[in-house]
Structure formats: structure tokens, C-alpha cells
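Both complexes shown next keep chain A, but they swap its partner, so chain B is in the first and chain C is in the second.
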Partner chain A sequence: MEILVCIKQVPDDAAEIRLKADGTPDLDGVAQVVNAFDTYALEMATRLKEAVGGEITVISVGGESARDALKTCLAVGAQHAFLLTDPAFEGSDSLGKARILATAKAKLEEKSGKPFDLIFCGLEATDKATGQTGAQLAELLNLPLITNLTDISYENGTVTAKQETDFGYNLIDSAAPCVVTVNTPAYAPRYPTIKSKLAAKKMPIDPISLADLGEDAGKVGKQAALTRTVRFAEPPQKVAGVKIKEETCEDSARRAVAMMVEAKAL
Partner chain B sequence: MAYIISEEGQELLGAVKEFCEKEVKEQCKEYDKTGEWPKEIYDKAIEMQLHMLEVPEEYGGMGLDRVSVAALIEQMAIADSGFATTISASGLGMKPVLIGGTEEQKQRACDLIVDGGFAAFCLTEPGAGSDASAGKTTAVRDGDSYILNGRKCFITNGAVSSFYCVTAMTDKSAGTKGISMFYIEKDTPGLSTGHEEDKMGIRTSNTCDVVLEDCRIPASNLIGAEGQGFSIAMKTLDQARAWMGCIATGIAQRGMEEAIAYGKERIQFGKPVLKNQALQFKIADMAIKIETARQMVAHALTLMDLGLPYSKESAIAKCYASDIAMEVASEAIQMFGGYGYSREYPVEKLLRDAKIFQIFEGTNEIQRIVVANNTIGRF
Partner chain C sequence: MSQYNKVTPELIEQFRQIAPNRVSVNGDINDDFTHDEMPIYGKACPEVVIEATSTEEVAAVMKLCYENSIPVTPRGAGTGLTGGAVALCGGVVLSTTKMNKILGYDKENLNVRVQSGVLLNDLAEDAIKQGLLYPPDPGEKFATLGGNVANNAGGMRAVKYGTTRDYVRAMTVVLPTGEIVRLGASVSKSSSGYSLLHLMIGSEGTLGIITELTLKLIPQPKEVVSLIVLFENLEECIAAVPQIMLAHLQPQALEFMEREIVISSEAYLGKSVFPQEFEGSQVNAYLLITFDGENADQLDEIIEKASEVVLEAGALDVLVADTPALKKDAWAARSSFLEAIEAQTKLLDECDVVVPTSRIAEYLTYIKSIEADYGFEIKSFGHAGDGNLHIYTCSNDMELEDFKSQVHDFMKKAYAKATEFGGLISGEHGIGHGKQAYLSEMAGPVNMRLMKEIKSVFDPKAILNPGKVCLKL
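Moving on to the complex of A and B:
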């Protein structure tokens, strides 16, 4: 089975990020990591590969620093990695990135002669959290899409996915190839072993440019973006909660309900 | 400043740090209370291959330079020094084979480690601590076998090892020249583990008696020749000491980090207590000591990598790093004030953990004898 996993390098979501004077996020000194949902996608893909055999290719749209993110993926399950990098890609919105990924998928298939059976994406990226790229990629590739997965299996050309919902989960069958977006599964992504980490360091990560893709420069980058960020806002500071300490439990409950009515929550 | 390490080492350091932060640091607080050996943490560490950093490349290891390994071990020690001790003591247990063993013995021992095992070094006995020649364990040749009898105590990894390197007297009349070294695998009839120590610190590391009762092993399990055991044991300890210095440095580093974090947050007289120069100087003294200890460890390990003599430097590294680990841990508690004395805060554990590093693998008094002998020479 040939699996493609699309990943994004994002600022470490455990770090506290403040805005600079110009209103953009201050990312100086913030570690760059693989988007958490993409690490789940890669782990799910790796487990599937271990179950049914095959190979995993990871791709990412980004600058030179994204090479580190790809290297991390090579240490925990991926066999091949390509960096989609070109000044013309900068400023792409999610649709622009989906277009780059879609074209790259076709190019990689053309080069290897092996079509991808499954394309994994994280549910969303932890930086901008638009959650659109996976769906847009499926649309551009004209492939079925299953979102919000927490598990997956594959038998006789059919993908069976466990899709999380607000009420439980759906089991969805789809013919391969298809695109899936991954939520948090029941298992944690594996750690690299010392040997896999050392081996990953020596594996090639070839860059792929706009010219390599043969993509139209007018369809990617800032000028082609259909969405734009109007402004960034810091999350509101957490304020101390209200403590209800009435004499009796009944009085406390009454006071809590009164407060909720007052706040129009009830 | 930290260790100056290879690019490979840098790559690994991030991964090991992440592992220790997520899987070791907080979890070990609870195990420190219970004294239980945290098997699930060690299983994860083995899966990540952290237990085989010292296995030579030709026997299936990684081929990392020693200073890079030290950076990783220190990171483990920052999270929990008992955890780092288990890992490092396994390296100690393997060293007699690597120093004096045959190719077959080396490959066999390394295979057991690579497959997820630990090793233990068994020298100390109830009546033979610093004076190893007072050991009462005996090995008697019987045809193609040796039969061992005796009791070893304070054995790190005693109950969790795949194999043991054990010293025993083959000639009681010859003193240290009558000591031999033997390789014994677990589940060998006659080998068992006894009393488990309820220790003051490094409580995530297993320490127990190893008992030999008519334990029959093939004569081919002799490491080196008869009478070479003491020499192999001393070479083993010479090497291992620097690693103990490395772990002690990690304890001190943790103490300093905790002291800085607390000093920035604790407000007294309307400002963080670390705004007081008196406390800043405490941190400066900690940093001076820690950096000096770390570079001494690095120096001893570099000498080993270069194949140069390292006995004196290794002893200095162990002795100095463990002495300053006690000082830094104590000062970290001081900086926490009353909270530092509470088990709810992380620094009292560091003092308990640090103490053993002044004692095991040669007390610091023995280290000073080694340093003095190597400095003064015969006269």
C-alpha cells in the first residue's frame, strides 16, 4: 500500500505566543514542530503500513526549516520525504497549499509509477486551525474524503474508517484511493528510536519547486489567495473564577442558578 | 554552556529530552514515594533504545562518542537520577565483559542488552565495601565448571538484570590477585536475588542482594584469566565513575533550574525573591560548580575516547560532581525556603538522590585516594 501523509511545520503549541508591535505573532525563539494532528495522522498511517505492508511518503509545503519536520517524520515511520519549497509558494492560503499538495501528489506518482492508495492529513493545523486543507485537497484530486478519523483499517481495496462525531462514531467504508483527515486517536505517536533517529538524519529530503511541479505561478502564493488574515488576536487572559461559599449546599446551588440566570446562561 | 556534542548527538538530545519530560519526570515523583521499580517507564526507554547507548557499534550499538552519550544521560538524570542510574549501571555491568571478555562473551552480553536487557556489576559484599580484597564469595573449579558461593550486596539492577558480572575468590591466599571475574546469566540455577534495599534516594533504581548457592557455571564464563578479576573490576570502576559524575551533574542542573524557576515566581517584599543579589549569587555559585563538574566529566570521557589514561580525571569528575550535587541540592532547598523542605516540592528529592553519588562506585574518600596516588606518585 502506498500512503501519502501531508504535514505542516507549526510553532510549538505548548509555547505562550505574544503579538509583536505590528500585530503579528512573535515567533522568535519558539520551537518549530510537526503539527500535532499530523503526527497522529503519521502514526495511524504507520500502524496501517505495519499491518498491511507498503511505504509512506511525507510531504510538506514550507521553507528550509520544514526539513527538520520531515526528518522527524522519517524517524517515526516514513520512508520518503519531499519538501515543497519555492518563494512563489509563500503567502499561499489553504486552497493554494492544497493545490501545491495535489500537484505534488501527481508528480510523485508519475515519477515513481506507483499511485497512492491513501492520503492522510491532520484534522487541522494547531497554528491557524482552518481545517480546510484536507478537504480542499480531496476536492482538487476528485477523491472521496473521510474527516475526523480516530482509527482506520484496510482490506481488499476498501478503507474502513472510524469517524468521531458529537454522539459517538460512524464506521465509514470507502474505495481507495481516498483522502482522510485525522483527529486524536486512542494511541500516542511513537517516539523515535536512537537508531531510527540517526538513520533519518542520513536519508535524502529532495526539494520540489514551482518549476518542478509545472504549476501555474498565478494559482499559488499570496496573490492567488482567496482568504486573508485580517488581524491576529491574543487569547483572553484567564481570570479567576467566582467562588460560591454559601452556608448550606442548597443556598450555594440557589446562588449558582441565580448567577447563571443573571448571565443569561439559563 | 553544555556538552559540545556531535550533530548526531544534538538530534538525539531533543528526542531524549521530550521523552524524559513526557514519560519520566512527573511519573517518577510517584515512584519515588512508593519505591516501586517503574517497569513501564523502562519498557518505553528500552523501546526507544535508551538502554543500549554504551553498546559498541561492532556489537550492535550506535557508535556514539562518549560525550554525546553523556549529554543524553544528563538529560535523563535531570528528569530522574534513579532512572539514569538504572541505565548507566547497566553500562557498568557490561563493562567487565567489554574490558576482559572474549569475542563470544562480548557478543553474547551485548545481544542480551540490545534485546532489551539490563546488566549488573557484583563486587560489593557485606564485609567487603571499599576493601574489595575482603570478599568471601568463592569460585571453585570443578572439571569444566566453576561453582560459586557467596552473597553480594547493594547490587544496582540486581533483580532486573539479564546477566551479572561477579567477582569471586579463586585463590584466597593471594589477596586481590586471587580474585576472578565471572559472567553469569539470570535464571542460572543457584543464582537468586535477596533483600531489596529501601533506599533514601534514587528510589526508581533497583538495589538488592545477589546470592550464589552452589551456582555452577561453565568454565568458559570466566572473564579474562583467573586472578585478573580485581584488575578488571578496577578498570570497570575507573570508567564508570565518570558516568556517575555525569548523573550527579544532572541532579545539580535540575536543582539550579528549579531554584531559578521558583525564585522568579516567589514574591516577597513586593518583588520576586530572585531580584535579591544574595540569591542571584547562589545561582551563580551553582552555575560555576555545575559547569565545572560537567566539563570535568566531558574531559574524562574524551580521554577515554582518545584511548589516553583517565583514572585520575574520572575520579575527579565523580568526586567533584557528587560533592557539588549535594551542595547545589541543599542550596536549592534553601532558595525554596520552607517549601523546599516539603515533599510536595521537587527539591528535597534531589538532596536524597544526590547523597548516594558520594558513596557508590567508590566512596569519595576512595576517589581522593585515587586522585592522590595519581598526583603524588610513589615515594
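Moving on to the complex of A and C:
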């Protein structure tokens, strides 16, 4: 089975990020990591590959620093990695990125002669959290899309996906090839071993440019973006809670209800 | 007749004038103030709890208590493990947790000034924002810094960076008489008479109440990577430790853990991190090692070399935690060992002996050899890099008195063996009153006499933290 995993390098989502004076996020000193949902997607893909055989190719749209993110993926299951990088890609919105990924998929298939059976994306990226790229990619590739997966299996050309819902889960069958977006599975992404980490260090990560893709410069980058970030805002500071300490439990409960009524929460 | 007086309504009134709205008396005192994290050593309720907010308040309370012979037990966050903050004689518990301000950084001299009730976690996180590191890293992150200093807490990074003692430059202390003294200075050297500063560190609140600290910081290492090393058995796991030291690889932290405790901790956290099988072999022991360095390439060389050493020493495989998420998960499991044991165990006691690193394996083999003599289960983990072992005796089905008596017998043997191996009975948890019975045997009569005489110089009426460390009730 040929699997493609699309990943994004994002600022560490555990870091506390503040805005600079110009209103943009201050990312100085914040570690750049593989988007958490993409690590889940790669782990799921790797387990599937281990079950049914095949290879995993991982791609990312980004600058030179995204090379580190791809290297991390090579150490935990991927066999091939390509960095989709070009000054013309900068400022792309999610549709622009989906377009770059879609074209890259076709180019990689053309080059290897092996079509991808499954395309994995994270449910969303932890930096902008639009959750659109996977769906846009499926649309551009004209492939079925299954979103919000927590597990997957594959047999005789059919993908069976466990899709999380508010009430439980759906089991969805789809013919391959298809695009899937991955939520948090029951298992954690694996650790690289020292051997796999050192081997990944030596593996090539070829860059792919706009020219390599043969993509129209007018369809990617800032000028092609249909969405733009108007401004960033910090989450509101949590206000301290209120301690209710009346004489009796009944009085405390009464006071709590009265406060909720007052706040129109009840 | 007791040497101490009871707290009178008049005194309570005076306490209330010193610390308005921060004085609790019998009946209003939260149960938390009656014990620490090791309640097996007994609970005791103070007559009054005062939550001080300044050195001056502590001094005023202390002066009153001295004049009236009221016992005072200083208390940080109550995370101790030897009953050190339990008010055995009633009287006043003086809590420092409201003295929780980071007073300021001196970046030129790499110092930070804090009130003693600042939590370790709060300083650690704040220092990182300044690009600095406070190296002491005890497992309990929600202890106060004053408590850490009073116990000379050690922690995971002691193997490279030393213990709390190495990071205390100066402190403000309120003596049992109510006098305020400043010990040490914001400098890196001292040859200026007896070091009262170092006498205060590790004195467990028996000589004075620490109210303010000047602590040393270091520049935050740029790159940090942890390794999880898998072993089929504990003997090979421990034997690999001296090899890492001999290779001069200078790990920042080097912890060992056994399979059972990892399983307990992961069940407690609901997250599986440490592999329990490797290519058909059961993994029975682990090393968790952290290295730091100035850049990724330098660090890669170090972890490659370290991996060669441990694989040569019999490791099954080496996993690399090289992203913030992987590192966090690996260390979260380690940091939760005590909480996991507490959550799953009805009767619990522990010791934290420290032995020369070269004799850890021999020591643990001895402990395992006597386990069968007792009705409790033994769980152990610890700082393989510095020889400090945490050994827990756990039971869910023994009767309390039987448990206590068997544990006492076990502890006597465990401490005697540690002493025989050239070790000490506590690496970082202290003596409190839970371990008093064993201190005199290890320290000998002359050391005990010196300790008692020192205590009487600082505290002639023995009102501060009575019944702890060298003075029994």
C-alpha cells in the first residue's frame, strides 16, 4: 500500500505564546514541531503500513526549517520525504496549500509510477486550526473524504474508518484511494529509536519547487489567497473563581443558583 | 509538665493583629494542616494556623511564641515525606504559602530573589521565560522553595547540577527568638566564618524559618533530549549506569525504574509511553536519561555515544524523546510515580537512602533478597545517576500495626546496609520525625551531640519544630 501523509510544522502547542507590539505572535524561542494531529496521522499510517505492507511518503509545504519536521517523520515510520518549498508558496491560505499538496501528489505518483492508495492529513493544524486543508485536498483530487478518524483498517481495496462523533463513532467504508483526516487515536505516537533517528538523519529530503510542480504561480501564494488573517487575539485571561461559603450547604446551593440566575446562566 | 504553654485567646487576638484574616483556630483548621504526604507517621492538629505574608509578620509571631513558650511548626506546601511539617506539640503552624512572590531577577549575576513560599513549579516556569534555568528538579513540583531548601531537596537533575544547596546564595531567616538575620550574600564565593547559611539548608525548620531566598540560576541549555533505554532485567539496567559515567557523557538526569512501577504510573495517568515488550522480550527495567547541550549536532553526538554504551551494556533498544511532546510524556510518567503509588496503596512507607552509585545494583539485590521476609510489596525507583534510591513498602491487606512493625524491621536492615555501603539514610527527603529512630544509629553519639548543641544555640527553648531531626520528644 502506498500512503501519503501531509504534515505541517507549527509552533509547539504547549508553549504559551503572546502577541508582539505589532499584534503578531511572538514565536521567538518557541520550538517548531510537527502538528500534533499530523503525528497521530503518521502513527496511524505507520500501523496500517505495518499491518498490510507498503511505504509511506511524507510531504510538507514550508520553509527550510520544515526539513526538521520531515526528518522527525522519517524516524518514526516514513520512508520518503519531500519539502514543498518556494518563495512563491509563501502566504498561501489553506486552499493554496491544498493545491500545492494536490499537485505534488500527482508529480510524485508520476515520478515513482506508483499511485497513492491513501492520503492522510491531521484533523487540523494546532496553529490556525482551520481544519480545511484535508477537505480541500480531497476536493481538488476528486477523491472520497473521511474526516475525524480515530482508527483505520484496510482490506481488499476497501478502507474501513472509525469516525468519532459526539455520540460514539461511525464505521465508514470507502474504496481506496481516499483522503482521511485524523483526530486523536487511542494510542500515542511512537518514539524514534536511536537507530531510526540516526538513519533518518542520513535520508535525503528533496525540495520540490513551483517550477518542479509546473503549478501556475497565480494560483498559490499570498496573491491567490481567498482568506486572510485580519488580526490575532490572545485568549481572554481567566478570571478568578468565586468561593461560596455560606453557613449551610443548602444556603451555599441557594446562593450558587441565585448567582447563575443573575448571570443568566440558568 | 510540658515545657510548652497552650495558645490563649489573648495570644490569638495578638496573632490576628499581626496577620489579619489569616489566622485559623481549632475547628476551622483544614485537615491538610494536620499531616504531610506520609500520614503513616501520624497526624496532629495545631491550635492555630497563621498564614504569614512577610518576614516581619513571621518575626512578630515568632517573638510572641518565644516569649510565651508556644511551639511553632513552620510549613510550606506540606509535600514532605517524613512528617517534618506536622505540629506534634500543637501550638502554631506558620504557613509560608502566601509568601509567594518572585521578587526579581539579577540577570547580570544570575540570581533570583524569591519569598520562601514560591512554588518550585512557578519559579521553574518563570525562569524559563527569562531564558534561565533553576536546576534543582525534585519530583514534587508543587513544593515551596523554602521547603526545598529546608530539606536540601535533590531531584532528577542532581546528577549534573547538584542539589538545592548548590543554588542557595543567601537567605533571610527568622530565628526562634524572633530576630531576623540575613545569611550568605549574592556572590559566588565565601570564606567568611562558619557558614550559617549551609547550616540552615537541610535543617528542616528546626533552627529558623526561611522567609526569603536568593537563588542561583544558570543559562537555559539550548537543546535537551531524553532517552528511554529498555532492559530485560534490572541488573543489566543498573550495571549500565557506571558505564555512562565512565564515558564522561554528563547526563543532566539519569533515573532507573522497574516494570511494575511504570505500569502503575501509566495506569494512573491513563497513557502508555514506555514499551512493555520489545521484539518478543519482556522489558523489565528502564533508564530515563536526559542530556543537554548547546546545539542539536553536539547533542546528537552525545546521544549516539550514550546509546552505544548502553546497547553494549545489554540494553534491548534506545528510544529518543526529542520533541517537546515526547519529552513531556516520558517525564510525566516518571514524575507521577509517587502519586500513582499513593493512589493505589492503602498502607505506605518509604525510604530514600543514598549509596555510592557503583553499589546501587548490589544494594537493590540485597533489598530484593529480604522482600520475601515481609508481608508488603516493595516498589523501587530512583536517581541512578547519584545513588539516591526511593524504596516504597506498599500493602493493601495488612493490619496497620503489623505493617508498621514489619516496616520498622525492614527499614532498620535497609538503613544498616546503606550505612555499611558508605551511604546515608536520606538523600533528599530528610529526617522529620518519621526517620528519627534511625538517624542516631547512623550518625553516632558524637555527631548527635553536636547536632543537639547546635539546635540549643539557635533555639534555647526548643520551641521551633519540636520533635524533629535530632531532638526527640
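Please note the rule applied: the second predicted complex is superposed on the first by the 266 of 266 C-alpha atoms of A that agree within 3 Å, B and C clash if a C-alpha of one lies under 4 Å from a C-alpha of the other, contacts with A are read in each partner's own complex, and residues count from 1 in each chain.
Methods note: contacts are C-beta pairs under 8 Å (C-beta built on N, C-alpha and C of every residue); 3 or more make two chains touch, one makes a residue touch a chain.
Since this is a predicted model, take the numbers as computed values, not measurements.
**Student:** Let's test your reading of the overlay: on chain A, do chain B and chain C clash or fit side by side?
**Tutor:** These partners clash in the superposed model.
**Student:** So, A:48: does it touch chain B (first), chain C (second), both, or neither?
**Tutor:** Neither partner.
**Student:** Between chain B (first) and chain C (second), which does A:102 come into contact with in this model arrangement: first, second, both, or neither?
**Tutor:** Neither partner.
**Student:** Report for A:187: first if it touches chain B alone, second if chain C alone, otherwise both or neither.
**Tutor:** Only chain C; A:187 stays clear of chain B.
**Student:** For A:12, decide between first (touching chain B), second (touching chain C), both and neither.
**Tutor:** Second partner only.
**Student:** Would you check which partner chain A:36 touches, where first means chain B only, second means chain C only, and both and neither mean what they say?
**Tutor:** The second partner, chain C, only.
**Student:** Between chain B (first) and chain C (second), which does A:152 come into contact with in this model arrangement: first, second, both, or neither?
**Tutor:** Neither partner.
**Student:** Among the partners chain B and chain C, which is in contact with a greater number of residues of chain A?
**Tutor:** C
**Student:** With the two complexes superposed on chain A, say which partner A:220 touches: chain B (first), chain C (second), both, or neither.
**Tutor:** Neither chain B nor chain C is touched by A:220.
**Student:** Between chain B (first) and chain C (second), which does A:78 come into contact with in this model arrangement: first, second, both, or neither?
**Tutor:** neither
**Student:** In the superposed model, where does chain B crash into chain C, at 184-192, 202-210, 220-228 or 310-318?
**Tutor:** Superposition on chain A puts chain C right on top of 202-210.
**Student:** Take the contacts of chain A with chain B and those with chain C, and give the residues found in both.
**Tutor:** On chain A, the residues that contact chain B in one structure and chain C in the other are 75, 191-195, 197-198, 201.
**Student:** Okay, in this complex, where on chain A does chain B touch?
**Tutor:** 75, 190-195, 197-198, 201
**Student:** Using the touch definition up top, name the residues of chain A that touch chain C in the complex.
**Tutor:** 12, 14-15, 29, 31, 33-34, 36, 39, 72, 75, 187-189, 191-195, 197-198, 201
**Student:** Which positions of chain B touch chain A when the two form their complex?
**Tutor:** 7-8, 11-12, 15, 18-19, 44, 47-50, 52-53, 62
**Student:** Which bits of chain C are touching chain A when the two form their complex?
**Tutor:** Residue positions touching the partner: 131, 227-228, 271-273, 300, 303-304, 307, 317-326, 328-330.
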